[in-house]
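The structure's right below; bear with me while I get my questions together.
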Amino acid sequence: MAANTTEIRLALPSKGLLTEAALELLASAGLWVYHPNPRQYKAVIPSLPGLTVIFQRPGDIVVSVRDGGVDFGITGWDQVAERQGQDGRVITIHPALGFGACTLNVIVPEAWEDIQTMADLHAKQAELGRPLHVATKFPNASAAFFREHGLEKVEFIDAEGTLEIAPTIGYADLITDLVSTGTTLRDNRLKKLLDGQILASQAVLIANKTSLKTDPAALGVARTLLEYIVAHLRAKDNVSIFANMRGDSAESIAQRMFTQSVIGGLQGPTLSPVITRQGERWYAANLIVRKDQLSQAIAELRQVGGSGVVVTPVTFIFEEEPVEYQNMLKSLAED
Amino acid sequence: MAANTTEIRLALPSKGLLTEAALELLASAGLWVYHPNPRQYKAVIPSLPGLTVIFQRPGDIVVSVRDGGVDFGITGWDQVAERQGQDGRVITIHPALGFGACTLNVIVPEAWEDIQTMADLHAKQAELGRPLHVATKFPNASAAFFREHGLEKVEFIDAEGTLEIAPTIGYADLITDLVSTGTTLRDNRLKKLLDGQILASQAVLIANKTSLKTDPAALGVARTLLEYIVAHLRAKDNVSIFANMRGDSAESIAQRMFTQSVIGGLQGPTLSPVITRQGERWYAANLIVRKDQLSQAIAELRQVGGSGVVVTPVTFIFEEEPVEYQNMLKSLAED
Amino acid sequence: MAANTTEIRLALPSKGLLTEAALELLASAGLWVYHPNPRQYKAVIPSLPGLTVIFQRPGDIVVSVRDGGVDFGITGWDQVAERQGQDGRVITIHPALGFGACTLNVIVPEAWEDIQTMADLHAKQAELGRPLHVATKFPNASAAFFREHGLEKVEFIDAEGTLEIAPTIGYADLITDLVSTGTTLRDNRLKKLLDGQILASQAVLIANKTSLKTDPAALGVARTLLEYIVAHLRAKDNVSIFANMRGDSAESIAQRMFTQSVIGGLQGPTLSPVITRQGERWYAANLIVRKDQLSQAIAELRQVGGSGVVVTPVTFIFEEEPVEYQNMLKSLAED
Amino acid sequence: MAANTTEIRLALPSKGLLTEAALELLASAGLWVYHPNPRQYKAVIPSLPGLTVIFQRPGDIVVSVRDGGVDFGITGWDQVAERQGQDGRVITIHPALGFGACTLNVIVPEAWEDIQTMADLHAKQAELGRPLHVATKFPNASAAFFREHGLEKVEFIDAEGTLEIAPTIGYADLITDLVSTGTTLRDNRLKKLLDGQILASQAVLIANKTSLKTDPAALGVARTLLEYIVAHLRAKDNVSIFANMRGDSAESIAQRMFTQSVIGGLQGPTLSPVITRQGERWYAANLIVRKDQLSQAIAELRQVGGSGVVVTPVTFIFEEEPVEYQNMLKSLAED
Amino acid sequence: MAANTTEIRLALPSKGLLTEAALELLASAGLWVYHPNPRQYKAVIPSLPGLTVIFQRPGDIVVSVRDGGVDFGITGWDQVAERQGQDGRVITIHPALGFGACTLNVIVPEAWEDIQTMADLHAKQAELGRPLHVATKFPNASAAFFREHGLEKVEFIDAEGTLEIAPTIGYADLITDLVSTGTTLRDNRLKKLLDGQILASQAVLIANKTSLKTDPAALGVARTLLEYIVAHLRAKDNVSIFANMRGDSAESIAQRMFTQSVIGGLQGPTLSPVITRQGERWYAANLIVRKDQLSQAIAELRQVGGSGVVVTPVTFIFEEEPVEYQNMLKSLAED
Amino acid sequence: MAANTTEIRLALPSKGLLTEAALELLASAGLWVYHPNPRQYKAVIPSLPGLTVIFQRPGDIVVSVRDGGVDFGITGWDQVAERQGQDGRVITIHPALGFGACTLNVIVPEAWEDIQTMADLHAKQAELGRPLHVATKFPNASAAFFREHGLEKVEFIDAEGTLEIAPTIGYADLITDLVSTGTTLRDNRLKKLLDGQILASQAVLIANKTSLKTDPAALGVARTLLEYIVAHLRAKDNVSIFANMRGDSAESIAQRMFTQSVIGGLQGPTLSPVITRQGERWYAANLIVRKDQLSQAIAELRQVGGSGVVVTPVTFIFEEEPVEYQNMLKSLAED
């Protein structure tokens, strides 16, 4: 059931690191969230009038998007995988927002010295003479994973809060839980199984399929969100560089640049004449390079006569309409 | 299943105001908790060797006590009422630890101007032509309460986290939730029903019945906890006072004191002679009075010739073996 | 009286949100304030030698500028309106620095259910049979506003500190006060009158007229401050964009761009040739667009064959000498 | 005008060190203030039902008490002296609550090397050829003080906020201001005049005279506040001590104690027999001594055969009805 | 060289947990330190005029006391053992102030799997074919300890700051360092040797011997400090209890109490008659018991007819002149 | 001894302002440090795989670099000067990283009114009749400085921690210490000698000479660090500006620009044609100018017909291979 209203809703995580990172992403993408009363669970994005921001817990976001109470949500993939259900009502329109990375792992006591892999759990179960008890907040994803490893009889115990203590107090034999740095595991004398990664998660952008199909305003918001987010994520990995190039003509300089791997890229440089006091011929070359190829680019520019390389930051890089948007349209057309 | 170990376990709330207050109560009662590594979920009470403290979420504490993974727990009555089940395995050995007060209430949108009482909800349900949707973290207690008010068809939606936004986004029609000051309600345009208090809660001390029946060490810990907690709670409300009383004999002073309502209490004062330089007859009277009767006590003492009233704090007042302990023994003997 | 010294002085608010925002504005405008000892009320701007920064309370800043003790000040317009006096010695050289927004409003108890507008106050006064008592920190601005609404007999009570309690304790009947979010009003059971906004305020830059007329160094500082502040405020609302445009010639590309509303703006794009490996003809177009027209600009660029749109931030945009500076000179010449 | 209500009001300082100390004093005196919503300016004292606590700025408290909007106030004597007026409506019922100590001083630039005393200011004024300009928040108290020193022509400039910068920027020649540690003065190159202390201040308890004369409930509150505050302040400076004294009889021990200066005080000790295993004669002596005489008391007790001296804290010492209360009654009867 | 002044000086640790605990100890002992300017390294104790408090680093305190620049110091025993030298100028007048507990240990990489004891280090040295390199802040104490274990050739590397990284970067082979909880060791993959505890430390009170011998004022301060510290440390472990005892006479009650182990202690109870309304015979018994025997004491009191046991805190227990003071005098007399 | 490993190590200061500034410099230079566990002393730079970051105290960094335990270090020049030794094993590869400025000074009591210069210390020494005692953390640098001023007999006392108290307590006559703002000196009644600056320090980049000579990977890291740091420091002081210039041809505009001092700099501007709607001739000029010449550049551009000056930030400016790198190579070749 889509909410009975023309207002478009975007749900964000209500607290913790995910909240901060989501707000920062939106702000960087020119979509600053205005939240004057921190005790209210609503906010607005002044540059997207008609859109209301709602703060919810990461898991509840998935449920709200599925039920159509909200149209869009930013939350962790772990929650989406666990709660989106089988009916296709939740559609993931951006699968990798670049923050909130963690993994869902199978975790056993350090004291289980012989148990290192999922396969070893069969032996453990045999030794106990009863199904293993697994405490988890992710019973769906965990059960699927255990089934894939031939462990069908495991008993899952739905739990909230701190799971790390469960094996110690006999509440469960082992757990599956999210892990970021591993420090908490070590402090509680637990360890990950070597092949026990159930899924790798990061923040994603999801939407309610019905909203997108029936409400043109929602489709417009989806497009704007995707355009800006994609252009911003692309920009984060690139810089713009200007170099002074000595040479007789723009063409000859370009030819020299084409001999190089990074600066002779797909498109070619912009070349503008530099007027010098002494009448020498110089050109200013402008191009975009990936940050992790910057050192290489500097070396190549020097190699072909470049100097005075100025690096400037970029905020967005808009290419053609984003592939994520086209994928979304395709997926909507499929049913 | 009682945990396979001789160690006695006490679970405390792992974070928030309840944690602090529980630690403070134990410290005041001479049972200071030593918790050297805040990232571990275990601690000890040096003056109760053999006891391990475990930090869990308030709701998980009830489940752990029920299953016998821990022997004792301090948590909110709201959680106990919701999760203790029908089988009597959880036994409440102190029902009012004096902190963590809140109420569980039926809460509706402010916009429902005609809905003030539980009875009015029948009309609302008729108007909607379908069962009311109620978001809650307390489905058991809530369902029982709605049934008592003749609302059997209500649909409960199990939810985590922030419920206050649920009515606004159409996730539910109304909610039941814990309320302390009411500010959050007003900020989210919600109101309590006048007769909608499902239960009043405060922190309680619970135990696993099997542990108490089968493990003498657990029974000993129960007795020590109760003795100290009861003696401390009693002391909090009283002070010890010493007054100089002029009079010929201890008996005549006591008779004068017996004419008064507060200082002529059940037991009678301790009276010790004061030796004065000039040979006058004085006695020092010592008695315990309730803090809220202190003004009255001072006035009465002056009335019967008292002066120089010195008030000193008290840490514990131990009376006979606590009635809570006897109740517990009785309840254990019943099955 | 201008201070007897060749040092130029700029007063900034000494604490609170206004302080932070003023320091941030100056830093962004390349005028970073160096304040090594936070307990002293003086600081310097290394890039403006000869200028001393002084920290004062917002209201005192106006008085100091009026009396010539300081030459320039950044403070709220509310304070300037209230305290600048009639003699023209305070001159506002930038009226809208873009932060510190609030409004001064007439505020009455929520319990006055029939009183919604200024006109309703006549009835209230008649009912009381005596002049209304109005507690305020802004007697001048408030009295003028009440006079405009025909309420000449009102009695103003000069107050400091928290005014919101005044109606409750009988200290006044109503108040006029600054409002940002309205939360404090609701908590104290007060409400704004519908037409009771006395003034809208934000931070402004003021100067002492005599200083500007007699001290060329002060005039120079005024010009520098205005140049940088104006160029920075303009830059905040714009971005620079580069797009790759396919086309036979710069002219034909420009003609296509002129058919569009945003990218075919007043001035026209800079177009530089891009040399490609395959010899196709491309040009790089560079132009400045307003942030709130960025989506539109991207769409238009794609429309006329643009791709690879790179957006970069801008720090300043200097146009001709700022109109604010010319206005100031005109105002100085008038007497 | 006494407020048109039966509610009694007590105003406390709304922020800063004075607030904390006032709340601590009341709590220690058994009058704990319950303030659930920190954004509201009202609170209650559960043990004094019928009393409402209101938070205001220190100066506004005096005005509210004078006008009868509140009945009682705790604030600094500096504010009372400045604002209580001549009409006797403000009555100081406890003049020394033991916190908030500071002095109001005449302060001049360090650079005035020849000016050390009030008398030296005559010369300074002559040198300037015009009245001295004195910035102050306390014009009444300051003007009276300057008049006493023969400086009638001084011009006082009413100022808010940070005065320390005033002499530097030419806003005034000198200032009068509150001083606690002097560090801020030194940082701003200022100094106190040697005989320039206008008044010494600490926190006081004031009341509205009309309330006390016409409202028996207010008089009752005054009595309770004074009883508890006086008993608490007295207790803070004393401890209760118990010592074991060897001796044949209580009388002979008392006689030995009377030979000493501290332990042989006005009243005499309480002496109770100690029953020992070996049948020796011991008595337990109990007495109250001043904390600053504790060392001396220990030495004297040892001198006369005491040992095992146990020191316990005291919370209140109630003597006869407090002299402050009698003074207040007298003052009310005078008009 | 004793400082050329009559002022007595007490050095306290200038920062960290030791500082707080030292200030708390002194405050609890009635010797509250007044430190108005936190940027100065001097303070006073108002109840000990003539004494100046100086804040220094723990190690420097020992050096200052040794050289006579300060007369007394509170610091860790680890620092005293390391730096007091052989000449007896530093005298430890209280060896166990009850805070700052830690141990100095020999610590090696976790990777040295075969090295568990000091004896194993001989093998390690042989394997390396060169002396072991030991980074330490305690070369004296460490060298003595290694010598005792027959490791004379070890090379000590004097280091400041974080030693835990030293073995990893090849700066040393192993370290000796202070350990409180062991967490930091585990994080850096280090372990303690089983028999490698060089010393156990806690805070101590030291003095300059010459000061004590030549300056009677210093001797007086030593006595006062010791009296109060000893009386306070003793009080911390005890409580005072009052119980109502039924019985015909004080003597018969006492006899019953003497049959018990805790309440029939060395001295015997104080017994005072309680006058009851009904004329029954009761007595109030007062005695001091150790906190860790409180449960036992309650049980014994009930056993012999006690009830209504009131427990009150104690601040000091002064016995005869402290043995620590007598030891100090003896030590001074020895040379 | 170079560490027995192929891992390259860079040591950073482990706490305080130096740490933050060093991390910020590296992040700005594209070398962001990833430090997931703040309790470990190791971290990595993801864009420089093979490099390990180690956190140490500033002084220990020099020792580690000297001994080869780490290859590179960022620390204060004060520490390098004091601890690098004479053997040339520590090589300073960047001498001025632009943060951490302070000076090492000779500091004497304010009370020494006649002592203003190093020369005056001779008299002081004569007056005392013994060598001056100087407390310091920098005995090497201080001793060299005193020798240069003919003070060879001075006695240096090696001290840790707070030196400012040393003269007051007789621990030393004077001190040499680091000074940033001078406030602490004034609070402790100390002063700097007029010609007593021993050295001026800021953060520097150092390396172990042997590593650079023998390990090509280390040499590569040195080059990368230097390239990025130098390019970043250069960029910090410059901005990129674009201006619209009216003119018939690029050449004529350039000629007009060459008549100006700032905008007619060494290299000449890049000039690209702007296509306007009305067919006027405009060019866009792009050039790099120093921030402190920006005002002048704007004025000059307006002078020669420029308008619409857009200023954009720059992140790096890479010129030829940095001179610091060449100097380093030269220094390595020398031995």
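Note that the chains take the letters A, B, C, D, E and F in the order they are written out, and that residue 1 is the start of every chain.
Rule of thumb we're sticking to: contacts are C-beta pairs under 8 Å (C-beta built on N, C-alpha and C of every residue); 3 or more make two chains touch, one makes a residue touch a chain.
The structure presented is a predicted model; accordingly, all values stated were derived computationally and were not measured.
*Asks:* Is the contact between subunit D and subunit E built from the same residue numbers on each copy (over half shared) or from different ones (under half shared)?
*Replies:* Both copies touch with mostly different residues.
*Asks:* With residue numbering as the guide, point to the option in E-F, A-B or D-E that repeats B-D in over half of the contact pairs.
*Replies:* D-E
*Asks:* Could you give the separation in Å between the centres of subunit C and subunit D, each centre being the mean of its C-alpha atoms?
*Replies:* 46
*Asks:* Provide the C-alpha centroid distance between subunit C and subunit F, rounded to the nearest whole angstrom.
*Replies:* Measuring from centre to centre gives 38 Å for this pair.
*Asks:* Taking each chain's centre as the mean of its CA atoms, how far is subunit B from subunit F in angstrom?
*Replies:* Centre-to-centre distance between subunit B and subunit F: 61 Å.
*Asks:* If I count partner chains per residue in subunit D, which residues reach a count of at least 2?
*Replies:* Each of 37, 183, 272, 312-313 in subunit D touches at least two other chains.
*Asks:* Under the definition above, what is the set of subunit C residues touching subunit A in their complex?
*Replies:* Within the complex, subunit C contacts subunit A at residues 181, 183, 239, 242, 244, 272-277, 282, 284, 291-292, 294-295, 298, 302, 307-313.
*Asks:* Applying the document's contact rule, which stretches of subunit F touch subunit E when the two form their complex?
*Replies:* On the subunit F side, the touching residues are 1, 3-4, 9, 14, 37, 39-42, 54-57, 59-60, 63-64, 67-70, 159-162, 164-165, 168-171, 183-184, 187-188.
*Asks:* With touch defined as at the start, can you tell me which subunit A residues reach subunit C in the complex?
*Replies:* By the definition above, subunit A touches subunit C via 30, 36-37, 47, 224, 227, 231, 235, 240, 250-251, 253-254, 258, 264, 266-272, 286, 288, 312-321.
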